[in-house]
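When the chains are written out, they are named A, B and C in that same order, and each has its own residue count from 1.
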Amino acid sequence: MIRRMTGLPLRLVRLLALPVALVLGWWGYSVLSPSFYVPSPTRIATAFADVWFTRRILDDVLPSLGRLLAGYALAALLGIALGVAIGSYRRLRLTAEPVLEFFRAVPPPVLVPLIMLVAGLNDTMKVLVIVSGAIWPVLLNTVEGVRALDEVLADTARAYGLRGPSRLWHLVLPAASPQIMAGLRQALSIGIILMVIGEMFASTSGLGYTVVLFQRGFQIPEMWSGIVLLGLLGFLLSLAFRAVERRVLYWHQRETHA
Amino acid sequence: MTGRLRDIAYGILGLGILFAVAEAVPRLGLISRDFLPPADEILHTLLRDLAGRELWTALGETMRAWAIGLAIAFVLALALGVLIDAIPGARAATTSTVEFLRPIPSVALIPLATLLYGADLGSSLLLIVYASFWQVLIQVLYGVADVDPVARETARSYRLGRWTILRRLVWPTALPYVMTGLRLAAAVAFILAVTAELVIGSPGLGLQIQLAQSGGAVAEVYALIAVAGLTGVAVNLAVRQLERRLLAWHPSVRGENPR
Amino acid sequence: MRRTLCTVLAATALFAAAACGGSGSPSGKSSDGTKTIKIGAIAIADTAPVYLAVTKGIFKKHGLNAKITAVTGGATSISGVVGGQFDFAFANTTSVLTAAAQGLPIKVVSNGASSTGVVGKDFCAVLVKKDSAVKSAKDLEGKTIAVNQLKNIGDTTIRASVRKDGGDPSKLKFVEMPFPDMPAALSKGSVDAIWVPEPFVTIAMGSGARPVVWPFVEAASDLTVAMYFTGTKLAQQDPELVKSFTAAIKEAFAYAEAHPDEARKELLSYTKIDAKTADKIILTKWPQDINRASVETISEDALNDGVLTKKPDLDALLP
């Protein structure tokens, strides 16, 4: 039967077959051998509705997302700006590289207690935490991208008298954009991780806070619903990112092959 | 040769500037010494820790979690990747699941890990394996997809067994991707090992950092952060070296832009 | 190809070596015939008896070789027992009740710590900065209070105190933070108030903090603040072990009550305080038995606060 299907029905089957099978399998397992820590999908679904389709969206989810976006935007801007500057001058890059590689290798959550000391326990601290981790992949990848600027392209640009902001917009950034996008993608995952961690420590609200709250109260289905929500969030953000990436890479193609 | 040495000198200059800034800023009072002790104090604490036993035990525990978690993730991802390649139609069926599960931040599993394993190695492993697994799997899938279909057909028409095709055709094509996956997974595994220790309290470097911070020993915190950073750099370098060794024969490495 | 294989094998061997080195010590019989047990306990003044029991050989006398691991709070020690990391652990009453109500398989074996019952002279208090406008429990409305873990005896008793003083307990904001971080957080103004047990009360007062509420006294009389417990599986499989542990702990309690200076001295070994601070702190009370009425009061309060969703079966839970 599957072999005879074509077009839309087949695509739907392909998309949903495994997930549905997995959920069914999970449900079956939880019925046959109930585990306290792994409740059945139906219980998690009910808990999900009970917990999240309430004021919590306003009180916890939206502020968390807001902080994530603020931190991410800041990290992107600073990372690209500094990255272009450092990548454009060979000596500066050589000087900065070991320092930058070191900072990138420090696991970002480790800086959270330090940032807490300096910034206190507020939104600024949480945004700073996100920036402190997300900036490094952007910075380092931008440096790489700018550094690997194609010689021929650069010469052509020079021949056309392209300089300053124009050169930046039409030559440097488009040429480096695949690398920059790779850095921005890594920064997104790190940003999400730091958003969650920043709220697990010393917080009064947020997604991470809520999940910890449930764990402290041993409310397992509710805790799982939080995990599912975080997963959904990660998934949706990565979809959004991919859409943006496609646009940017189109720009890259257009500018560098014009 | 002198060119290379000069390049390295610039790098050392950069590190020196960092040290000087970290020394001057607290001494000049720009940042309180409670938040940033002078760099020589941090260095002194670091050297003292390196001479003792506690730091090395903690580091050993972190590396143990890292190694075990990475190994499990690698083997599982490799096996699953090969399986997906071998079963016709599996790739299309699994794509949606992989793309959905993959962006789930492993730190979301922290409360679950705490419940299941408490503040122990198991919690660290849960996080490490979950995060590293996807890094390797994605790369393995890229790798097996890159196998030249004509070569595959040719091999099949020669009636080469499945295992032989895997060994002589798929593996060499996929190896650079597998190595990339290993490199990414090694870095992620290290970050998650320290994170799990910091947040959950499993034994290791992260736990030491949390204890130092609770005890108000700020210089110690910085010294331990430095150790974490240096270890991370060492891990990245080691895996890169391994990659270069294993792929010395591969055109992508021998080509114009060795990474 | 062979080189690849060799390298892979070598790497695997390295991984395996790392895996074998330094494993944790298993529970079980050790060479001198004593049984090894793993205990999870938070590093505050309340747990001095269990540490004393190790130093003074009380556990050894009962045939036990105890290893204590420090945890940050009740939720962690409960997870540790259920997950098998600990055989016995110390946790506050609210956490124990919450876990039991949610169906976690734990069984209380003995009292852990009790309030002194005297306002102004209890071992646990809510402190604010000296110049703070907060003068009583009611003034805490709308303020940020640091507790070591959410949904434990801290927020239950603070809410009870606020209610008793005529305030609205739903208007309190609780923030989670390890106890050792709290005095600094208060001084810096990151939080408006902190809820701490000794030795942190004395430490915070040393940096200029002022206690305003003694929640354990307000919430119930002779409050059983915390208890020692084990997993129901262990309780069923090895009742002898549980009996030995309980006897040892009770003996340690009697010892700590009779020799308060030794209890103070013990604190120096497992917390980071100095001898001068240790002399100034107010000691917990360690009576032999649990005050069941107080546990029921806490159960009621937690139910009203929404921390508990249903009442736990105290008959099954308590010894």
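Going forward, contacts are C-beta pairs under 8 Å (C-beta built on N, C-alpha and C of every residue); 3 or more make two chains touch, one makes a residue touch a chain.
Worth saying up front: this structure is predicted, and the values here are computed from it rather than measured.
Visitor: So how do the chains connect up here, line, ring, star, complete, or something else (other)?
Guide: Contact map by chain: complete.
Visitor: Where is the C-beta contact count highest, in terms of which two chains?
Guide: So the chains sharing the most C-beta contacts are A-B.
Visitor: Starting from the mean Cα coordinates of subunit A and subunit B, work out the distance between those two points in Å.
Guide: 18
Visitor: Please compute the C-alpha centroid of subunit A, do the same for subunit C, then give the distance between them in whole Å.
Guide: Each chain reduced to its C-alpha mean, subunit A and subunit C end up 37 Å apart.
Visitor: If you look at subunit C, which of its residues touch at least two other chains?
Guide: In subunit C, the residues touching two or more other chains are 75, 181, 184.
Visitor: Two or more other chains touching the same residue: where does that happen in subunit B?
Guide: Residues 114-116, 210, 213.
Visitor: Which residue numbers or ranges of subunit A touch two or more of the other chains?
Guide: In subunit A, residues 117, 201, 212, 215, 218, 220 touch at least two other chains, as defined above.
Visitor: Flag every residue of subunit B that touches subunit C in the complex, lowest number first.
Guide: On the subunit B side, the touching residues are 57, 60-61, 63-64, 67-68, 70-71, 114-122, 167, 172, 175, 201, 210, 213-216, 242, 245-246.
Visitor: Over in the complex, which subunit C residues touch subunit B? Could you list them?
Guide: 1, 3-4, 7, 11-12, 14-15, 18-19, 21-22, 24, 40, 69, 71-72, 75-76, 79-80, 82-86, 178, 180-181, 184, 272
Visitor: Under the definition above, what is the set of subunit A residues touching subunit C in their complex?
Guide: 36, 116-117, 120-121, 201-204, 212-213, 215-220
Visitor: Would you pull the subunit C residues touching subunit A in the complex into a rising list?
Guide: 75, 78, 95, 98-99, 102-104, 144, 146, 149-152, 173-177, 181, 184-185, 188-191, 307, 309
Visitor: For subunit A, which residues count as touching subunit B in their complex?
Guide: 14-19, 22, 37, 91, 94-99, 101-114, 117-118, 189, 192-193, 196-197, 200-201, 208, 211-212, 214-215, 218, 220, 223-224, 226-227, 230-231, 234-235, 237-238
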